[in-house]
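In this document, chain identifiers A, B, C and D correspond to the written order of the chains, with residue numbering beginning at 1 in each.
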Amino acid sequence: MTYTFLGPAGTFCESALLTLPDAVREERVPSTSVDTALAAVRSGEFEAAMVPIENSVEGGVSATLDAIATGDALQIIAEAVIPVTFQLVAREGITSLDQVRTISTHSHAWAQCRGWAEKTIPGVEFLPASSTAAGAMGLLDAECGYDAALCNPLAAELTGLDVLAEGVEDHAGAVTRFVLVRKPGKIPAATGSDKSTVVITPTVDHPGGLRELLDQFATRGVNLTRIESRPTGTSLGQYFFSMDLEGHLGEPRIADALAGAHRIAADVRFLGSYPSATPLSSPVPVHASAEAYAAAGEWIRRLKHVASGEA
Amino acid sequence: MTYTFLGPAGTFCESALLTLPDAVREERVPSTSVDTALAAVRSGEFEAAMVPIENSVEGGVSATLDAIATGDALQIIAEAVIPVTFQLVAREGITSLDQVRTISTHSHAWAQCRGWAEKTIPGVEFLPASSTAAGAMGLLDAECGYDAALCNPLAAELTGLDVLAEGVEDHAGAVTRFVLVRKPGKIPAATGSDKSTVVITPTVDHPGGLRELLDQFATRGVNLTRIESRPTGTSLGQYFFSMDLEGHLGEPRIADALAGAHRIAADVRFLGSYPSATPLSSPVPVHASAEAYAAAGEWIRRLKHVASGEA
Amino acid sequence: MTYTFLGPAGTFCESALLTLPDAVREERVPSTSVDTALAAVRSGEFEAAMVPIENSVEGGVSATLDAIATGDALQIIAEAVIPVTFQLVAREGITSLDQVRTISTHSHAWAQCRGWAEKTIPGVEFLPASSTAAGAMGLLDAECGYDAALCNPLAAELTGLDVLAEGVEDHAGAVTRFVLVRKPGKIPAATGSDKSTVVITPTVDHPGGLRELLDQFATRGVNLTRIESRPTGTSLGQYFFSMDLEGHLGEPRIADALAGAHRIAADVRFLGSYPSATPLSSPVPVHASAEAYAAAGEWIRRLKHVASGEA
Amino acid sequence: MTYTFLGPAGTFCESALLTLPDAVREERVPSTSVDTALAAVRSGEFEAAMVPIENSVEGGVSATLDAIATGDALQIIAEAVIPVTFQLVAREGITSLDQVRTISTHSHAWAQCRGWAEKTIPGVEFLPASSTAAGAMGLLDAECGYDAALCNPLAAELTGLDVLAEGVEDHAGAVTRFVLVRKPGKIPAATGSDKSTVVITPTVDHPGGLRELLDQFATRGVNLTRIESRPTGTSLGQYFFSMDLEGHLGEPRIADALAGAHRIAADVRFLGSYPSATPLSSPVPVHASAEAYAAAGEWIRRLKHVASGEA
């Protein structure tokens, strides 16, 4: 498999890709945007792309949500959840925090670590970089005009720079969720702890439509872990919903709920089933188990057999 | 086909049976109770029994509801809705209302016509009969100790007695619904205007269980026209529900809703699909049509085919 | 308080009345039917009537359900749940089962004890009585034509007859629930374990109406312990629902749910709140507690105060 | 009232502000970001700020959704929906399209008009501007390095430049919705066509929580026109919902639904009721009307009065 990801190299997205044993052994080529990465998959240039889909602080990544919801079909085959944690790395010769005068990093990263930096290194100056990885790489240059950089653990490791401090983000616990996307094909086997992603466009101008949609999942014992509305682009108040479900297309309750959604919605796009990177939040109710489906199906078949007069 | 019905001959139940062209040509044998009639079907003595299931004034007929819900399986293959209307028939020689001194009929019938009788024939006396038909038959006897009888139109016709007045019930519009029951077998073909009867026993001690059950039907666009709770006999508050649905087992939405009920309930007993005797109250929603089911099923099949890696 | 009950004296209904300390000390006058008993309350002849409302084997008592749902308003102020258990009492001189040749009792009671009787006293004969109490009373007569009677424990005690066997019913555990009814007035104080009874008539011809009704209760965390449909008498398929709820009118969630039902239904008749005779089946959800209602109410008041421009 | 808006002057946001007669007469000061504009309202520097909240193509404006959902309370008192339409204006001396060689505008605007531009003016060159208004203003400079600018009608009017073409956007019909925000206070009187905005944070880790929330609105006949999930920032899958409802806090159904949401949710923030800029999509159901609420409230009061024993 050939891989691309939202670059540059050394960012959280490459960390996400490196959670896949396969991707560790293969070439990983950074793309400059989510759209570019997904276009490269659609065109066949790469077989798979790792892109961010959701951040615990920023929310859904609109570029990804919209790009996989429209255009040629794509499929999610894996997910990774990566802690958003930062380290302070320094150029050669700088070995303690009190020697640091200037820090470079991406402005987003600076926003997330600024409290720590200003408190720990009074008077420190900030120099914007085009990415956290670029800030770290710059320190390898002898002519580098700053002393240190805030970057993720992968960039620190790749550059081999000295780490002066780690876990310096002001709010601990933030994570970003990434998904590995490729052209539609065989889906990963069910593991018993799987998620599915689906995009549903309700019929137009139908008050209560979202509730009816949720009913289709609730009556089949299917739990939603993420639901986001995105505009269809036609007019205000016209949305499609991007959702993650706990369960795998191979489970009858999931296929049944999706069929139910298909009947009441204007459009349903199935985006794949894949192993969940985190524990599921709710067990499968007994009434929605594969056994319950098999028993009900067998009961209906018997009823119809008798009803056909052939019994 | 051999028929029995809740007797005696000439009652509303025989009128119901006579709505079936087949039954007009065949022998019709009265049974003395609903239980007797259904036992005779179960034992094979008769092929089919017509019994009352619901009256617009008295409500569900518990004997029928309980007898078809338990014991050996039975199946409803037809229904008939008969107006509860009474005529006053007289013995030979009595030709006008002012000659009538005494009226005999079943006490239920008297209760339903008493207002008319006491107003129209001041001072009239009431003599209880074992059935409305028996009251009418008695008038054929020369020794008959009363002048007139309140009976249904069929008994009036069978006895050939003079009808002094018709439509004499105090509250017009009452009807009784009867069902034709036989052993399970081939079900009547769908006509586009069908009903199905089902008995559902919820799981024990589950608050909100009825609402969840109704959700299974509502999410598949299935309308309920009758729902009655009957005790399971185990303890207070433990019920089964006897329900009529608009639709036929052959429709995918009905089979789907029944399968959903089967998964969440402790027990579901299907009691048949049959042509509705009255117009249906709600059309099939587009999302629950056979076409919507076919399209959703085909969509899921395609998804699974791609997912299997064989596409 | 003056009391009547569904007689005759010594039946289960008097046992139910005797669970009330007050009623033990007062005169208790039997009525010959539920309608008679309730009419006597409506007319003011008696202040309260104890009548059966529900049996764990036979289901709802239609006469009671219909009589309290229509006509002048009535109110339930207490309930009692009485085990349906039978004793075999004998006339003087009969001291063991093998001396018994003939048993008298009401045919319903015989149906419930017949298995035991025919197995324990082979060849025993049954003589119908007008009530179980009447059968027992007859044994006090020197001329009595039978040896023993099946009656409830109260009749056995009242007559002082020898008890040859007890708990002889074929199916143990059956109970009947009785309610004490009077004209509307002060309702019993909340005990923390209360029920309320309500009669709701949905708007006509509204598919899905029952589900919407149940939603009104479910969204306020109100649990239903009994729901029965009874015909309104207008046409087939037109029902009112008789329901018992866990909770007391004094609780905001109950008043709120009733108000919700009042808005969507054609008619709601409140039939009282009273201490439950049995433990409740579900706790009050936190979100439906009086505290949650008080907090939400206070929040809305503050919002409106700010919104009024007077803040 | 003193006004700020998301600047610079002459953008769609100022157009939105100009839909308010009051704002036309007052000074309008541009802010450089949504956060800056709202901070200026919170600090008291300005009394009200107009900011974008939703675009029919781009979706919710996260900066606005998040800023009004957290921090010191704010209130929406008006909304405006502005068509996203572009005009091509030219510098002095350029009077026809075939004279245009270079066009400047904001890159977003270029993306929305590029199809038209490249087809209509083959070989045209694009020069990025910091805003559409800035691009237009630049044309007033004698030294201007480009021939024309794509801007909105307001900027065209403010600059007095010649309009060579209008409605040149590739996809017609796009609109942006803006809201006028100030500190909490008196809310606009109900007009009969009002919306309310609310932010609801469900309790943590509660499968089915969104459906229960929607039930609170549906059972009170309240229609949602917008629902968006935004991360609470604590962990993946923890969201708050930003919603618009049809209706005004002064309507009992709205206050009732909000109180219901308050009881089941972890937090509810009311963000105001204001006249809707567009026609409402669904009428108030009869059962949710102020009359139905008044009748139900009066019924409950009477019940409680009788129940108190003071009747």
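Going forward, a residue touches a chain if its C-beta (ideal position, glycine included) is under 8 Å from a C-beta of that chain, and two chains touch if they have at least 3 such contacts.
Since this is a predicted model, take the numbers as computed values, not measurements.
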Magnitude of the superposing rotation for chain C and chain D (Cα, nearest 5°): 180
Shared interface numbering between chain D and chain A [over half = same, under half = different]: same
Chain A-chain B separation of Cα centroids, rounded to whole Å: 58
Separation of mean Cα positions, chain D and chain A [Å, integer]: 28
Averaged-CA centre spacing for the pair chain D and chain B, given as whole angstrom: 58
Of all residues in chain C, the ones touching two or more other chains: 215, 218
Chain D partner contacts - residues on chain A that touch it in the complex: 54-60, 62, 81, 171, 173-175, 177, 205, 207-208, 210-211, 214-215, 218, 223-231, 233-239, 278, 281-282
Interface residues, chain A side, partner chain B - complex: 184-187, 212, 215-216, 218-220, 249-250, 255, 258-260, 262-264, 268, 270, 273, 287-288, 292-293, 295-297, 299-300, 303-304, 306-309, 311
